[in-house]
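These notes open a run of structures that come right after.
There are two complexes below, and they share subunit A, which is joined by subunit B in the first and by subunit C in the second.
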Partner chain A sequence: MTEKTAAKPAASSDRPVDPMADRPAPNLKWMGITHQWGTRVKPGKHGLRLGDLNVGIYGEVPAVWNDQTRNPRGAVARRGIPPVGYAIRDKADLWADSAADMYEEAIQRRWAPAVDVPWASIAPLPDAVEQAVCQVMTELSQYANVDVEAVTHWQHQMAYGYHEVKQYLATVSFDAARHMEVFRKRALCNGGGLGLEGPGEVNRMILESRGGWTETVLYLFLMRGLFTQTLLRYLEQHAHNHAERAIYTNCIEDKARHLTYGIDHLWYAINHQNDQKLIVNQLCIIGERILVRELKDPVLREALAIIFAGGIEHASGKGIATYEQMLGDFVRRYLDTLKWLGVERTILFPPELAGYVGKGAR
Partner chain B sequence: MSEARVWPAEADLDLGWMKQRGEWGMKATPSKQGLTLADIQIGSYGDPVDRSDNQTGRPRGAAARPNSYRIGGYAVVNKSEIWLENASFLYEEALQRQWSSATDVPWHTIKPLRDDIEQAQCQLATFLTEVEFVAGDVPARWISNTTPDYFEPRQCLLAQVMDESRHMDVFRKRALANGGGLMLTSGGTAGVVGSIDLARDFTEMSSRLHISGEGAVLTIFRMGELMAYNDAEKAIYRLCAQDEARHVAFGVMHMRYMHETAPERHEEIQCYLDEAERQILAGSQNPAGNQTDASEALAILLGGGKDKYDDGLNKLLAIRKRQVQEYIKRVRSTGFGARFDNGRSQLTEMLNQAAA
Partner chain C sequence: MRFPSESWFNAVAEVFNGDESFQGGGGGACNTLMGAKVGDRNFLITFEGVECTGAREVKAAELEAADFYLDMAPADWRAMIQNIASNGHADLEYTLNTLDLDREQGLAHSVHGDQYREDLFFRYNQTLQYYFDASARVATEFGQ
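For the complex of A and B:
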């Protein structure tokens, strides 16, 4: 086994090099330099997966990764390399055991809005319903934009030693790109257009959660992600055509992976860092209040109510009642998930959210 | 349960939002390739402004709320800084041509190789694992700094981050699949002035990343047949080349747009190209560049063994020449080609000498 070797200049000659003709003799000093040779990972039933590579030293994922170069995990580093500057270097700040599997799953389940949605199945809807759909698409597209911006803000700050997470997040932001796109496409294809931008309370909270990736994960994947996934499920139940159904089904699947990573990471963070559980609880108190403020905005509520009721006529009755059931589903899942993580949301849980717990409970 | 539900009493609805909306009456229709991004460039939705004041992250064309928070903090707000004409096409193509390194590479075709060849393969794979995600880290950062009004280029960059993630892993997989392992890191992607990482202007970054850096790698991947020892390696290079071709096209098309729309920046861009050209040959991020561990490994692979290093070097010099020729062609197509005729670039002279 060889230790770190000193950096060498790219070319070792005093005279100017003619890059098109020079034929320097090889020095081959790199030959034989490895921490572990003889690795032979075989493909399994699902091919050669990222997680399969975690054998021997290649699978040793240290709690702290101080190397700030792009030295791949398990390769022999050079000494004296100026740092690239990775801010997130603690495993507990980003890790989830499921990242490698989620990465491969995301690739296997890829879809393309252009061709995997039966656009021809979309037929004209009553004006109010079309406008309500377009309004919801506008806000969902903006949510997806926040997913894109939040993930890409953090991804490049993550140390190379945790490549599984960096790679997994590439699938998340790519999923979000597709969501942004598919909601926009739906809004522009059936006689409508985009509606009014969202109120932005929760968007702001996610984008301003800069205390660490874990905080962003809580707001982006658990709070907003779970909310969006619940909303998509209700939209799927009220889809007007095969195209909408395909859109929502695909997005729900993508969101399920995001949620898996999110929950998995929060579990890891809470179980590997002192006080993290208390911090999560505190962040929940802050976040829930912001969510309550956002839910007071009538736009999304009324647009969903129109969709759920099939028009304006019954929107305030059946529509709002269905909307409240949806929020009930969301709040229960939110609380259950936190409970599973060991975070009991009892202190300062907003009565506005608590009021939904009994709505639509089965 | 078929009992009729009793709904709560009708609440008052506001519905004021129904009067606030973007342009209405849009009926985008699918084309031969489905409903593509190009198909939804209709009405005002297809026409991004030259300078964006959207700091709230609203979807382009949606009605603005006057009380929205300015949460975007976007740095790229001028169209010429990031735009290109065919972004929609490149993005849709990226979506359609995604592949899986787990299942689309015939890993079972890899059989034990001579030790010097396996070592060379592993050294090259180590290098590529190291450098591939430069093109993931850096575009990611620019995406979050770019207004969503220019979402089409952003979508391409998001696809690129995904592609690079796969490249990073396919070479790690190769290094660990055939009795070898990872070898010595190059350190060539360090954070030094003039590196892809540190550029503070998008076009400066793109000239280094897309045009010179990935352009050089594309040439190598396209000649993958010459250095592959089995169908798995051939598939890896072929699939990666497909992706890289899109990334390079992004850079070329963006630089062309910049050339056409921002004449005041021409001289500045020429300076970036001066730097880019020095870096192509320096080899810190080009395995066919001047002598490095990666270029030695490449020469062994091209020649067919350590004992045929000279043959390999001949092929490597041919690849290097081709890299330069292709680079010149690309830069000419952006409109910045005068540098090859007026003596500013050394590359034409080098090619002429090599030919003589």
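For the complex of A and C:
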């Protein structure tokens, strides 16, 4: 650039410079290159939503996405673009019909911990209760971090052709980042602080689930996600102030969306791939054993029992009973969901989890 | 306004639709058909976008159309609505979440058993809570 500018004779003369002189004439050959022109998507009564754009060829979602560049679905591929590589190119490995709607929902129902949580409602709590709350916040913020890392690890490996899923998962990452934020804020706003790191066995299982995104979905959204959502429901029931209630209620909704994608994807995968039901069953056997090991760690159990009992005094009675009821709710819903997906968890279901099925049974 | 009745649910909808604070902070777009079973009276309440667009009384069989329906005995509905009226919103004993957790059969049910649709109760929980909290501003009488 510098050499070219220096070589211009006009630059050293008094003649006026023609700024257009060295510029090539417009090519414009790109104009008119399209697979489908004349598309006029109109907004519906809920606005112009992502899913509304799936008209004509733009709505054709192939079973396999062979393009390895970043060519948007429906655009004309440019010849000679080197592949950048996608690991997940089969629709059955990531798809969920609800993804576009869930993307819109996540954006429309967003919340901001800084202003949507009435932080001023938080008042000092008995020391043991504050310590218990902070311990739970510590572990929940770890869970949220794993959500972010697991989703982003897979996201860039997903073919652009399934952009609805990629976009929805971007909102999951953002939801999880918000959860990290809000749990940390709760831990640090009332005279406490962060507690002891969680045992991390399920975290490791999720982060190291390298067999495919479907495997990660099972562990991240169905197993951990459902556990977390159940925990949040019980925390909301035992909230100490309006701030905690707002935190838990909003997180429950976010987790429900994640779970909906998870269930929707697992349904799609199971119904579009041979043996996927058997694979999911086998993955459950592996994952449940790890979950059982993690549940043996007393820290989260004791902290929750203190919260549910309102202090240490009744923690081993009422507190633990409520904790077991919570686990009962989780295990029953986990089994019901798998059953709905066609996966009957009867073989090698851990007795440690089966024992909770009758706790607080409905 | 007498509870339960179509006009009561629609009066609550009017308050709900008129308060923009119900649309932010985790509220917002909500698209679902919710059922309410009050003893042997049944209602379908429609949420579209940021509005509750209407409620109508239906026969029990029509609850099948609902994504989920809330089922409580009339006395339990009354306790919830009175709690909301006295606090301006449900206290922790009477949130939809607590009522669902505390009830032996749960609060939210479906006829179809479709997990995806049932989960809308959780996805829209805050909006549904806002809707019932709006009943604090509706003078309510009880009885058939």
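By our rule, the second predicted complex is superposed on the first by the 340 of 362 C-alpha atoms of A that agree within 3 Å, B and C clash if a C-alpha of one lies under 4 Å from a C-alpha of the other, contacts with A are read in each partner's own complex, and residues count from 1 in each chain.
The definition used in the following text is that a contact is a pair of C-beta atoms (placed from the backbone, for glycine too) under 8 Å apart; a residue touches a chain by one contact, two chains touch by 3 or more.
Being a predicted model, the structure only gives us computed values, none of them experimental.
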Based on the superposition on subunit A, does the combination of subunit B and subunit C result in a clash or a fit? fit
In the superposed model, does subunit B or subunit C contact more residues of subunit A? B
I'd like to know which partner A:92 touches here: subunit B for first, subunit C for second, both or neither. neither
For A:104 in the superposed arrangement: first (subunit B), second (subunit C), both or neither? both
Give one of first, second, both or neither to describe whether A:46 is in contact with subunit B, with subunit C, with both, or with none. both
Report for A:233: first if it touches subunit B alone, second if subunit C alone, otherwise both or neither. second
Touching partner for A:207 - first (subunit B), second (subunit C), both, neither: first
Tell me the contact category for A:285 with respect to subunit B and subunit C: first, second, both or neither. neither
For A:71, select first, second, both or neither according to whether it touches subunit B, subunit C, the two together, or no partner. first
Quick check on the superposed pair: does A:257 touch subunit B, subunit C, both, or neither? Answer first, second, both or neither. second
Superposed on chain A, how close does subunit B come to subunit C by Cα atoms? Whole Å, please. 10
So subunit A touches subunit B in one structure and subunit C in the other; where do those two contact lists coincide? 46, 104, 108, 110, 112, 115
Please name which positions on subunit A make contact with subunit B in the complex. 5, 7, 10-12, 17-24, 26-43, 46-50, 53, 55, 58, 69-72, 74-78, 80-85, 103-104, 107-108, 110, 112-115, 117, 119-120, 128, 131, 134-135, 138, 141-142, 145-146, 148-153, 155-156, 160, 163, 166-167, 170-171, 173-174, 176-178, 180-181, 184-185, 187-200, 203-204, 207-208, 298-299, 302-303, 305, 312, 314-318, 320-321
Quick one: in the complex, what on subunit C touches subunit A? 24-31, 48-49, 92, 95, 97-98, 101-106, 113, 115-116, 119, 122-126, 129
Per the contact definition, I'd like the list of subunit A residues that touch subunit C in the complex. 45-46, 98, 104-105, 108-112, 115-116, 229, 233-234, 236-239, 245-246, 249-250, 252-253, 255-257, 259-260, 263-264, 329, 336-337, 340, 362
